[in-house]
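Quick notes on the structure that follows.
Every chain is named by a letter (A, B, C and D) in the order it is written, and numbering of its residues begins at 1.
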Amino acid sequence: MSAKSTWRDGERSRAVELEPLGPGRWRVRVDDSMFELAAEAMPDGRLRLTNDQGTTIAEVTADGAKRFVRLGRLDFVLEREAAGRRRAAAAHHGGLEAPMPGAVTRVMVAAGDAVVQGQPLVAVEAMKMEHLIRAPRAGRVKKITARAGDMVAPGTALVELEDEA
Amino acid sequence: MFRTVLIANRGEIACRIASTLHEMGIRSVAIHSEADRSALHVRACDDAVCVGPPEPRASYLNIDAILAAAQQSGAQAIHPGYGFLAENAGFARAVEAAGLVFIGPAPEQIDAMGDKRAARRIAIEAGLPVVPGAEGADVEALVIAARTIGYPVMVKAALGGGGKGMRAVSDEAALREAVESAMRLAKSAFGDAAVYLEKRLEHARHIEVQVLGDGKGGAIHLFERECSLQRRHQKVIEEAPSAAIDDALRERMTAAAVRLAQKVRYRGAGTIEMLLAPGGEFYFLEMNTRLQVEHPVTELITGIDLVRAQLHVAATGTLPFTQDQVRRHGHAIEARVYAEDAARNFLPQAGTARRVRWPDGPFVRVDRGIDSGDQVTVHYDPMLAKLIAFGPTREIARTRLAAALDAALVHGVVTNLPFLRALVRNEAVASASFDTEWIEREFLAGFSALMTAPAPELALAAAAISEAIGVSTDPDRTATASASPATSLFEALGRWRHPGLGE
Amino acid sequence: MFRTVLIANRGEIACRIASTLHEMGIRSVAIHSEADRSALHVRACDDAVCVGPPEPRASYLNIDAILAAAQQSGAQAIHPGYGFLAENAGFARAVEAAGLVFIGPAPEQIDAMGDKRAARRIAIEAGLPVVPGAEGADVEALVIAARTIGYPVMVKAALGGGGKGMRAVSDEAALREAVESAMRLAKSAFGDAAVYLEKRLEHARHIEVQVLGDGKGGAIHLFERECSLQRRHQKVIEEAPSAAIDDALRERMTAAAVRLAQKVRYRGAGTIEMLLAPGGEFYFLEMNTRLQVEHPVTELITGIDLVRAQLHVAATGTLPFTQDQVRRHGHAIEARVYAEDAARNFLPQAGTARRVRWPDGPFVRVDRGIDSGDQVTVHYDPMLAKLIAFGPTREIARTRLAAALDAALVHGVVTNLPFLRALVRNEAVASASFDTEWIEREFLAGFSALMTAPAPELALAAAAISEAIGVSTDPDRTATASASPATSLFEALGRWRHPGLGE
Amino acid sequence: MSAKSTWRDGERSRAVELEPLGPGRWRVRVDDSMFELAAEAMPDGRLRLTNDQGTTIAEVTADGAKRFVRLGRLDFVLEREAAGRRRAAAAHHGGLEAPMPGAVTRVMVAAGDAVVQGQPLVAVEAMKMEHLIRAPRAGRVKKITARAGDMVAPGTALVELEDEA
């Protein structure tokens, strides 16, 4: 009798469960806390949320899986997770991704190199800022997928590390 | 006066220049890259010419294409805005060689002030105090010089400015690495690897004086701006007047700035940046030979349109008003809205700004570069807009800016609005007790903790309920949303029956 | 200060009040009729309550529903805006009886000034000159009085004001017809048929003084506004300061206004309207016990937010600043944008404002009531927005307003923008050589000829070509228009072949 | 080889004929004058029109049959006429229409009344303005379709006049 969904909130994955209680009234579970909420869609597209704390106006804009949520005068960005927690997976494989859109300016290691923790591997530049991708731990470079001059999107894999044999 | 002016820029500054051109009855011509075909600055102008592919080098920095666009569109003059080619003496020369007017200083003035080492020497000649510093041909020369100056020192690119390629270091090892890195960046960014050193002043404030010169030795000032609220040497919030100086010091600083502008026979609008030490001593830092990003705060306290003044000087070679006619009243504060994720080390963001609402209350000015539906691309500076508030007192202006930041909404691209909202409400900002390193030294840690806190449960509930009841999250359809979707939400779920009717 | 304020109004003034509430950290609650569910003023507020059907009587004038909305939303105070219930003493009393604060004058002050005959008597007691005039119980009494005053005379509704139900007549026959018509309109509009006469002053200018009182006898002024540019006694363009008065006269007029405000122990913001005769004599006309439509020009030259001042007085019973702290600088001009067809006798228009763009340049303020996609209905005042320009001089402010009017675009509903654009560029407006009847006496004929001229051939070509090539005329799809529709236009027509390929 | 259309421009009906001359080039006839024009659709939805007088930017917004045309910094409203000139017809039948949206406040004549030119027939009020519908010529009232209190849209027939027998 309830709808479940999972949302990425920064580094967290958060579970929401909605149970309809009556027209415009819901029982909501977020992670481990449970509360009741009245929700009315305003004609201008906003949502009027009322609980025992009072009334808050929310405005939600979808952008793909992302939801930009204005709550009162604060903004939050959540991401709908289709099934499970896919994004957490990449880090486990030792992949190092571009943190921002930009251009790869320098690749400072080669496949097979041993690296120490904190060692710069690749430099990505966007506007006035050079961002160094550093080794999160000691290891060996398994694969380099970035080349100097590449334009990369956030999340693009640049370097793959493996633990030293 | 010119009949047609080409604006060799994009974003908010191109829109802002177009406004003044319109009100002066001058036809405005935009240039745009292939990525900016339907950008706001194109829509703001009377006509537009495509000058090349998205990469700045191929379009907004493409001097040949820009000059061709000017000729094709019948422009008599070119306004460079800020950034891109605004401080490129070669561009200014090429514009003049093409028989057009460059709305800015003479090329030699750009050259002289563009080399920050040369600018320091000119300032010294004009009798301005400068921060102790040193030039040097290579790393070793600078390492030796630093021993004399004493750590900490700042490493700066000679052709840099505005914080680009600037690093503070506290010991020799860091200096060596910083110099090498700065030289590399300077070489790639400015085509010249030269760097120089300056003593790092602690707890200094950034105060700059707006000047306007006629190019023949006449120059006046339009008071100062304070831009001490910086992150990584990038200004975030600027205001005028400065709360840190009194009328006597204001008089000395503005007089020094005018002296320098007169000495170089400066033409047009320029800014002389200074550092103010806690003891009240001030030092020349650099001169920017263009309109500044933060020029609106000066406009709001003086009532003077600086772009109109630039056009007047460029067209007539005279100043549009005298020093006596420049009065100030009230206080203005500006915040720069960037597409940056403050929760992730301010990484630049790109995407579609699906829903944008800028504030529009009394005494709030918005210099906008995007509206709903516009693209934010990786190719250009991530500044989206500037919000500027005016008030009879600093406190009213500051709280007005806070409200304007609250009212601003940008959905679709992550912005630094949460950072700005927290910053402008901080007690140190309220009492004007800060310096150029205050944000990084004292503000960021607490703010980061705030940013990584979990979103309130209500935010998750709002996202989930919006999805469940199918309320429109598409900004295009908001105005035509059903009048009472709330009643249909159980039909949408298909799960609900009235209790009285049994399950 | 209040935590929640209900705004008992709609349109631009409700949006403008919401701005100030936001920046003061006060929660704003909109009321709306069923026709205004998704109106801009609803979107501008923190919350909204529906108070009834579209007809004003059933919603925006529905005192019981509005008080219920205030209770339900937890409001401590009600701001009435202008129009609707702003000058309804019964409403002010009901608000106070409900334990809420009415942000405006005391009910007795509204009553006293609402009867324009009583207001004249009070002004006389306060030592202000009034225009020669007469009251009368019926038509015959007024006809006799008019013989003494001498024609031409103005017929005015006792409970009117703002030009409502006002007629100028030159002879007895016209007077009889006008009195009967005015009585009928006054009875229907104000619930009281009483009318009175005033000598019609020729070539007079409309000058009004903004006052602010603490309700205890303390009052100050915020200088004057000139509103002589009127059509059918409705203000069209307003400015501050007036170009028609010098400092000595300004001093006398503002002092007279303050005297009247002090005498009635006026509370809050009010306006004392006067007529200025060509010889420099001025006469009390009426006092408006509310915020005026044209208040922004005063705000721009003084830097003072009048709504904030109203809230301060209402919450504290004290003035927020002293007379000495009210300074003026520069010049501001406002134009009212109405949904009226200037080509068809300014008939009110209704429809969907499909594409709306308001200007946003420096020193231009827009107090807007609609944006793209919003409905303009027959039920309410057809004013859509006010454009206000500030400049260091009147000439800069005026040309800036002209440019702002050019840049404004409202497609989908016919507006008076062509009228305003022509008016603000007229030589008499440029030289401030006008009086309250100048528009109808000298401007309208030439303008009407202009308006009935055929559209340029290029406009017809643009409409036809847009249709032929299928270029998007739907504002929602503009941003996503194809990058190169120009090449497909012959495909759309299906008629064209390249000459080299034969027909 | 050409597309013809008719447009209402205030009280006028105007004929436009378009003949394509090449990509983005047209021969345009408006009423009796003929000219050549280059028309380029700008990516932002506006139209760049160039003839021997220079370049003008146009922006066209459709609202039903109406076209709001921004030309440079001037605005015009045109109305596409589907076939012929329908609106002119009503006047021929002696119909008197509401000139604006509003409420009928008074009906001052009855069916069968003889009226003189300029005589007020019906009053329509919208906001602060009472508008009198007057007889355009002497005649007799054939039919009254308006009642006091009616809300009327522009063009709504209020009174029908016929010539005196």
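We take it that contacts are C-beta pairs under 8 Å (C-beta built on N, C-alpha and C of every residue); 3 or more make two chains touch, one makes a residue touch a chain.
Please read all numbers here as calculations on a predicted model, not as lab measurements.
*Asks:* Which of the two pairs, A-B or A-C, is linked by more C-beta contacts?
*Replies:* Taking the two pairs in turn, the one with more contacts turns out to be A-B.
*Asks:* Please indicate which chain is farthest from chain C, where distance is taken between mean Cα coordinates of the chains.
*Replies:* Centroid comparison gives A as the farthest chain from chain C.
*Asks:* Can you compute the centre-to-centre distance for chain C and chain D, using the mean CA position of each chain? Integer Å is fine.
*Replies:* So the centre of chain C lies 29 Å away from the centre of chain D.
*Asks:* So what's the Cα centroid distance for chain A and chain C, whole Å?
*Replies:* So the centroids are 49 Å from each other.
*Asks:* With centres defined as the mean C-alpha position, give me the chain B-chain C separation in Å.
*Replies:* Each chain reduced to its C-alpha mean, chain B and chain C end up 37 Å apart.
*Asks:* Considering chain D alone, which of its residues make contact with at least two other chains?
*Replies:* Answer for chain D, listing residues that touch two or more other chains: 43-45.
*Asks:* Please set out, as single numbers or ranges, the residues of chain C touching at least two other chains.
*Replies:* Residue numbers touching two or more other chains: 37-38, 406-407, 478-479, 481, 483.
*Asks:* So in the complex, the part of chain D that touches chain B is made up of which residues?
*Replies:* Contacts found on chain D: 42-46, 48, 55, 57, 72.
*Asks:* Could you please specify the touching residues of chain C with respect to chain B in the complex?
*Replies:* Touching chain B from chain C are residues 15-16, 19-20, 22-25, 37-38, 296, 299, 303-305, 307, 325, 327, 329-330, 359-368, 373-374, 390-392, 396, 399-400, 402-404, 406-407, 476, 478-481, 483.
*Asks:* What residues on chain A touch chain B, complex-wise?
*Replies:* On the chain A side, the touching residues are 1, 3, 5, 7, 9-12, 14, 16, 18, 20, 22-24, 26, 28, 30-31, 33, 35, 37, 39-41, 43-45, 47, 49, 51, 56, 58-63, 67-71, 73-78, 80, 99-102, 105, 126-131, 151, 153-154.
*Asks:* Taking the touch rule as given, give the residues of chain C at its contact with chain A in the complex, in rising order.
*Replies:* For chain C paired with chain A, touching residues are 37-38, 42-43, 46-48.
*Asks:* Which bits of chain C are touching chain D when the two form their complex?
*Replies:* Result: residues 163-164, 181, 185, 188, 232, 234, 343-345, 347-352, 354-355, 378, 380-382, 406-407, 409, 411-412, 414, 417-418, 421, 451-452, 454-469, 471-475, 477-479, 481-487, 489-490, 493, 495-496, 498-499 of chain C touch chain D.
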